[in-house]
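Below, each structure is written out as structure tokens.
Across the two complexes that follow, chain A remains constant while its partner is chain B and subsequently chain C.
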Partner chain A sequence: MIDYLVAISIIVGIYAIFAIGLNLEWGFTGLINFGHVGFLAIGAYTTVLMNQSGAPIWLSMASGVVLAAFFGLLVGIPTLRLREDYLAIVTIGFSEIVRLFLLNEEWLTRGPMGLFGFDRPFEAVIPFDYNYFLFILVFGSLAVIYLLLEKLVHSPWGRVLKSIREDEDVASALGKDVFRYKIQALMIGSAIAGLAGAFLAFNLQYINPRNFIPMETFYAWIIVVLGGSARNKGTILGAIIVQSFYTGTRYIQDYVPLASHQMAALRVMVIGVLLVLLMMYKPQGLLGKKEELTLGQ
Partner chain B sequence: MVQEILKVRDVKKYFGGVMAVDGASFSVEEQTIKGLIGANGAGKTTLFNLITGYYKLDSGKIFFKGERVEQLPTFKKARIGMVRTFQLTKALSRMTVLENLLLGPKMQSGEHIHNIFLRPKIVADEEARIVEKGIETLEFFDLMHMKDDYAGALSGGQKRLLEMARALMTDPKMLLLDEPFAGVNPTLAWKLVGRIKELKERGMTFLIIEHDMPLITDISDTISFMNHGRIILEGPPEDVRQDPRVLDAYLGGG
Partner chain C sequence: MLQLIVNGIVLGSIIALAAIGLTMVYGVLNFANFSHADFMTFGAYIAFVLNVALGLNIILSFFIAVAIAGALGVLLDFLVWKPMRRKNADLVSLIIISIGLSLIVRNAIIFIWGGSTRNFDLPVQRGIEMLGVTITHNQLIGVGTAILFMVLVHFFLKKTKLGKAMRAISDDINLARISGIDSDKVIMWMWFIGIGLAGVAGILYGLETTIRPNMGWFLILPMFAAVILGGIGNPYGAMVGGMVIGLSQELSMLILPSEYKMGVSLGIMILVLLFKPRGLFGGTKT
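Showing the complex of A and B:
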């Protein structure tokens, strides 16, 4: 039982990290990133590939994070000067390009067969069940990221991000280099997604391109919206709800008279209904502030 | 000697085939208040957008403090002291009234990520000074009681005050105000007129678009009248006001 809880918690933690990066981009800066999963994939594959080619695992993870941030920069440069909708289109295309690259460049990624057989941090020296260590690692990282982000969003820097979200013309009228802040937010959000990717690889011990379909991006969006945009605590709560529901229902598979594909469809339906109810009764999200919704523009 | 802080030379802007600003030229002298008037559609706001860098000009030159600036992006113009407000007020709705103001000061050290972590003391001290200044400014604009409310909850007139207060927080050399008195109650509008004159005495320059004739005649040192994308008349407020072309534009008939 404890093992189940730990296993579920690890997934919750990974998605919380993944989504909290998106919350910086969307919740605080107003960037519509529909390709967040692309950065998760870059983090996961870079970590694994670097390690398989001989790099120590910590260096591999760091490379995954840095490369994810770098791709955030690459995607951001041509799009962030344009209106916000362009970012949405480009990012969703970008994440599909990443996935198709992973699927087709078999010389590097082994394509649909995926990658396995790589180190996990301290795996050789952990005397107890590795999942317990992974749990500590994931939640330790989440705690650090949460604290750093809270510090940032409550600083003058975070204030500028919010002003960009509200109206970027005002930010530029006041002398703020809007482009620079958007790039920074996208790079930090992407780096965080890259880290989540490394943890995802450690948890699955086997990665393949199917782990990085566009739906994963929208799980992050569901988590952010459910918890309340621009509330880091809300994002964590959202991850707990969505992922414990999603993963938890897998464990009860044996006890319900539904085939696994029916169960999968039912899960998505329930999440959909949940979101509709949320929008009807608490559109600001679980931890969002209600006053914010009633404001005229 | 009188210095021209802003000089606009033969600026043109087309939208598709439509000429919005058709070779406008005028200057604003340092430490003066210039009114910019004209009928709706004369091109006043477009001219503002050109001067402040929201639109790119099709041709012409703009000088600010003697330097060519027509290629500079908006935020860089703001940094050298040219700050504007908007005709359709842009309160940052989901931020508090005070937060709106705190955004104003330029080049805050806390706007850089590395300073937040490496120089927290400097950032905190600076923030304390900015808050103090923000509160003084709120008091002047009679917005103190709404300090912690969301800016989106303010009335139209209050949003205008907020916008002017926020612009002043940047310590601008020159303020470009796009209809600053629209929707502001008359008592407060006249109080604002007083405040703007006071700021002028302290060295600030203003370019103001305004339709309210009594207010703009009272506040301006000179007025430029814009018609069909050009400045066709400039001079002391009383003269401009009584010019038949101005009367025509404002009272119809033309």
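Showing the complex of A and C:
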């Protein structure tokens, strides 16, 4: 039972890290990144590939994080000077190209067969069940990221981000280089997604392109929107709720007369309905402050 | 080469037709509707049910399915878009709602009809061969129908009162309102026509390939590329843009592996955004 809870919690922790990066981009800065999963994939594959070619695991993880941030920069340059929605369109395309690359460049990624057989941090020296260590690693990282982000968003830098979200013309009229702030937010968010990717690889011990379908991005979106945009606590709460929903619906699978593909479709439909209703009637989410958000008004 | 051009024209006319509705919504309501392509799929499945399950002939199925798709567009305007307009919602909320709708429509289709591919009940006919190029009957019907509908859209926009009102609203909604145009009514018709045309495109695409739950979703990127290339809010731009995108995707196979066809749309879109963000023909929005 404990083992099971630990295993579930690790997944919650990884999704919370993944989504908290999106919260910086969307919740705080108002950037619509519909390709967040692309950065998760870059983090996971870079970590594994670097390690398999002989780099120590910590260096491999760092490369994954840096490369994810670098791609954040590349995606941001053509889009962040323009309307908000161009970022949405380009990122969704970007994440699909990443997935197609992983699927088709078999010389590098083994394509649909995926990758396995790589180190995990301290695996050789941990005397107990590795999952317990991974649990500590994931939640330790989540705590560090959470504290750093809280510090950042309450700094002058973070206040500029929020002002960009509310009205970027005002921010730029005050002499702020809006483009640079947006690029920075996108790069940090992408780096965090890259780290989540490394943890995802450690948890699964086997990665393949099917782990990185566009739906993963929208799981992060529902986590952020449900928990409350611009509320890092809310994002963590959102991750717990969404994962419980996912696990719970797997349990009732045996008791309902639905095929497994129908159950999966129903699950995504519920998430879609929730996304629509939240944006229509409760855009601030569970923990967000309505006064602070001009969304939907 | 010639074969790729033929395939490109077929794909291009389907993208062009679907992109008209996308660009009209984008121009008038000012947001990128990510659910648009899934109404292509919806139209194709409704036509499939009428044609295969109920045994209606394909032409009748076509018209009924297009009308149902258009009606769904109007229904969603009443349920979702109109209340959001009343609240003066910002465009990011609308975009997120549209992605939610896209998830709902696509997965409702999977829920009801499953994930497997389907086909219309049509006799298999031999393609016509000319100059070493094979053109199937369905391709001819597809291009012909698409062109017919584009001509209809042209006459609608230029000659009818409703079409002129639609163009006026796309240029400046407030100016149109004070000139006495009932914007809600015009927008309702815009949804009917836009989603209806997506349904037409979906059925043609289903004829040309197969009917499957993510057939539309995979075209959303080429459609956006067509819209941005042609200038947002410009239906003629979207038609030309659709052709250009369709042709470039197919011709890219000369130099790129076919798996990366989608990358061509993304590449073109990024180039347009970098160097000509208003599109080739100037849109109403940047």
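Structure notes:
The definition used in the following text is that the second predicted complex is superposed on the first by the 254 of 297 C-alpha atoms of A that agree within 3 Å, B and C clash if a C-alpha of one lies under 4 Å from a C-alpha of the other, contacts with A are read in each partner's own complex, and residues count from 1 in each chain.
The rule is short, and it goes like this: a contact is a pair of C-beta atoms (placed from the backbone, for glycine too) under 8 Å apart; a residue touches a chain by one contact, two chains touch by 3 or more.
Note that the coordinates shown come from a computational prediction; the quantities given were computed from them, not determined experimentally.
In the superposed pair of complexes, A:L103 makes contact with chain C only, with no contact to chain B. In the superposition on chain A, contact is made by A:T79 with chain C only, not with chain B. In the overlay built on the shared chain, the residue A:V178 is in contact with chain B alone; chain C does not reach it.
In the superposed pair of complexes, A:I92 makes contact with chain C only, with no contact to chain B. When the two structures are aligned on the shared chain, A:L204 is found in touch with neither chain B nor chain C. Applying the stated contact rule after C-alpha superposition, one finds that A:I126 touches neither chain B nor chain C.
Contact with neither chain B nor chain C is seen for A:A7 once the two complexes are overlaid on the shared chain.
The contact surfaces that chain B and chain C form on chain A in the two complexes overlap at residues 295-297. Across the complex, chain A is touched by residues 31-32, 34, 80, 83-84, 87-93, 95-97, 99-104, 106-108, 110-111, 114-115, 220-221, 224, 228, 257, 259-260, 262-263, 265-266, 269-270, 273-274, 277, 285-286 of chain C.
Residues 52, 54, 73-76, 78-79, 83-86, 90, 92-95, 99, 102-104, 106-113, 116-117, 123, 127, 150, 152-153, 166-167, 170 of chain B are the ones touching chain A in the complex.
Those residues of chain A lying in contact with chain C across their complex are 30, 32, 34, 78-79, 82-86, 88-90, 92-94, 96-97, 100, 103-104, 215, 218, 221, 225, 261-262, 264-266, 268-269, 271-276, 279-280, 283, 294-297.
Chain A makes touch with chain B in their complex at residues 151-152, 155-157, 159-160, 162-163, 165-167, 169-178, 184, 291-292, 295-297.
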